[in-house]
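We just call them A, B and C in the order they show up, numbering each chain from 1.
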């Protein structure tokens, strides 16, 4: 029974890691495409997302089975709960990669606008956040996870800057409107990507330290 | 939070064999305290110290157990057991008595003889133990001729009849089927309004479901005592965590 | 798996045959065990039935040579004797048994248990001689009292040991249940433990009484026998067993016949006693 349970938990972890590596690869592909302007790289991102979706369903079933059959408690329970949450976040990251790839296809040739807006910088930061969040999960490394959470502010700030920059561009010349709109949406997506990475890191901390750190700053500020 | 029983530095022995080591626990009033731990960890011995049944089987104790501030190790055990009732692992209704008499016997043998006084108490206790509707038409049937789950509820009714303040339960559902177990658990939840309950259980899910506080015993020592949700989500002690996760030994 | 597993082989048949032989042997043994009983019933009934009429129960014995008459005095005498015996043996036996099982886990209990076993092994005639020496001699005459006491002593070990065993069968959890309700130990023993063991104890009492009713030897020195009507416990008293003894060895055909009838009546009496106990101890509740 104990061995059976350990086996199920290992299977769940393995599924999550496999899913995470696909998502990581997808994100890397679209951001490299954005950076290099090589739109060809975006091909296959959408079809690969089906695999991510399949893992999403698989992991949900695995978690459900573990809860139903073994009624885990303490750290085992926290692992399953975080697995459900991380799974959800990874699936969203996959969707976001698809979304970014579509924007890259449409605005990838606007090299100067891309370079000036610093969107690549933001994208790379978000990407490394996601990568670190996944690594922290693989290694149960709460310190790395805390770094991920801390980086989120930087991405938020960049998002605001890029937004102002692109709005200014549009105001200056209406030729930029279409490309800028694509880039604003892309920037918004990258910001979401960083948010999901943060969520993953927070769930890792919940699993390892039994502490809920999500929304902590906001709640502290509001006095709750 | 009001403390009903305060155990201070309790050691318990069987002959020269020390089975409980320096246990100190405060048991809060009108709450359910669950005691969990592997077989032989001393959890049954512990609750049997609380109504001095430990000495019935030849055990001895050292230390203080205060019931409402009064050291119960120095009071008369017969008087104590009227205040601290006990429900056992195996349902043990008196087979030579009817259902009615099973509940009434504690009253009668404690000096209440008036039938007019006894009947309403029996009815009240059977209602409290959620058995009334099932047995009201067969109160003269033998206490041994109802199902195991009903027998256990009869034993609870019998305990309630003496009007105790504390109820000790030694694995009260371990011999019962799941539906009867659920009924007993519901009952415990109901009873804690009026009584302080200490329950020993092997079934960790049961401890999680019924109790407000959980104490983990291991090798005659109290390893951890905390709110039940804390014990089952994030216990402080590694041994406790391993035990509740089923990774013990 | 090869299906050869299911094929019966030599060992299979050997086991079956052995099993059959052993079963048959036990059946034959069981049959043999009931043969004496059947014979006893056959002889007592066929020979005793001749005199089994109302007279036998209500009339007094006739002098030698006159046929007919009954044994009213002996029937009543036997009842009085086992009554006295029971009055002594039952309370002493039950209380001793209770002591041994509930409180007797010490040296004294061990000694008492040992002596009770010894007592049960002492031949009844020895008990009779002792009663003779201790009661008949000082009182200077035979008496129903002396006979009753001798029978009472004979009942004690049976009742004691059955009581002890029956009380031991009462689960410990019932005692604990009683104590946990705040019932003092003596009350728990009396109203829960003894009450639960009641049926078994009654069986022990019945065995003791039956054995006493069938005793002859100790009565020869104590109650002696009486050809007349007497219910005084200070006087010699008649009993069925002594009559059987006297009449069976007498040369008169008529008395021999009456001895058979007395034996039949004794068996009926004990059966009646047994039936009575069944009715008394019949559970108020149907068990399962």
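What we mean here is this: a contact is a pair of C-beta atoms (placed from the backbone, for glycine too) under 8 Å apart; a residue touches a chain by one contact, two chains touch by 3 or more.
What you see is a predicted model; the values in this text were computed from it and never measured.
Visitor: May I ask you to sort the chain touch graph into line, ring, star, complete or other?
Guide: Graph shape, chains as nodes and touching pairs as edges: a line.
Visitor: Going by C-alpha centres, which chain would you call the most central?
Guide: B
Visitor: Could you quickly compare A-B and B-C and let me know which has more C-beta contacts?
Guide: Answer to which pair has more contacts is B-C.
Visitor: Could you grab the centroid distance between chain A and chain C? Build each centroid from C-alpha atoms only and quote it in angstrom.
Guide: Chain centroid spacing, chain A to chain C, equals 92 Å.
Visitor: In whole angstrom, how far does the Cα centroid of chain A sit from the Cα centroid of chain B?
Guide: Taking the average C-alpha coordinate of chain A and of chain B, the gap between them is 52 Å.
Visitor: If you average the Cα atoms of chain B and of chain C to get two centres, how far apart are those centres in Å?
Guide: Averaging C-alpha atoms per chain gives centres 46 Å apart.
Visitor: So which bits of chain C are touching at least two other chains?
Guide: Answer for chain C, listing residues that touch two or more other chains: there are none.
Visitor: Residues of chain B touching chain C in their complex?
Guide: 51, 53, 56, 78-82, 85-86, 88, 90, 92, 94-98, 105-106, 109-110, 140-142, 144-145, 155, 158-159, 162
Visitor: Going by the contact rule at the top, pick out the chain A residues touching chain B in the complex.
Guide: 1-2, 5, 71-78, 210
Visitor: Would you tell me which residues of chain C are touching chain B in their complex?
Guide: 171, 173-174, 176-184, 187-188, 191-192, 195-196, 198, 283-288
Visitor: Spell out the part of chain B that touches chain A in their complex, as residue ranges.
Guide: Answer in residue numbers: 204-205, 208, 232-235, 241, 244-247.
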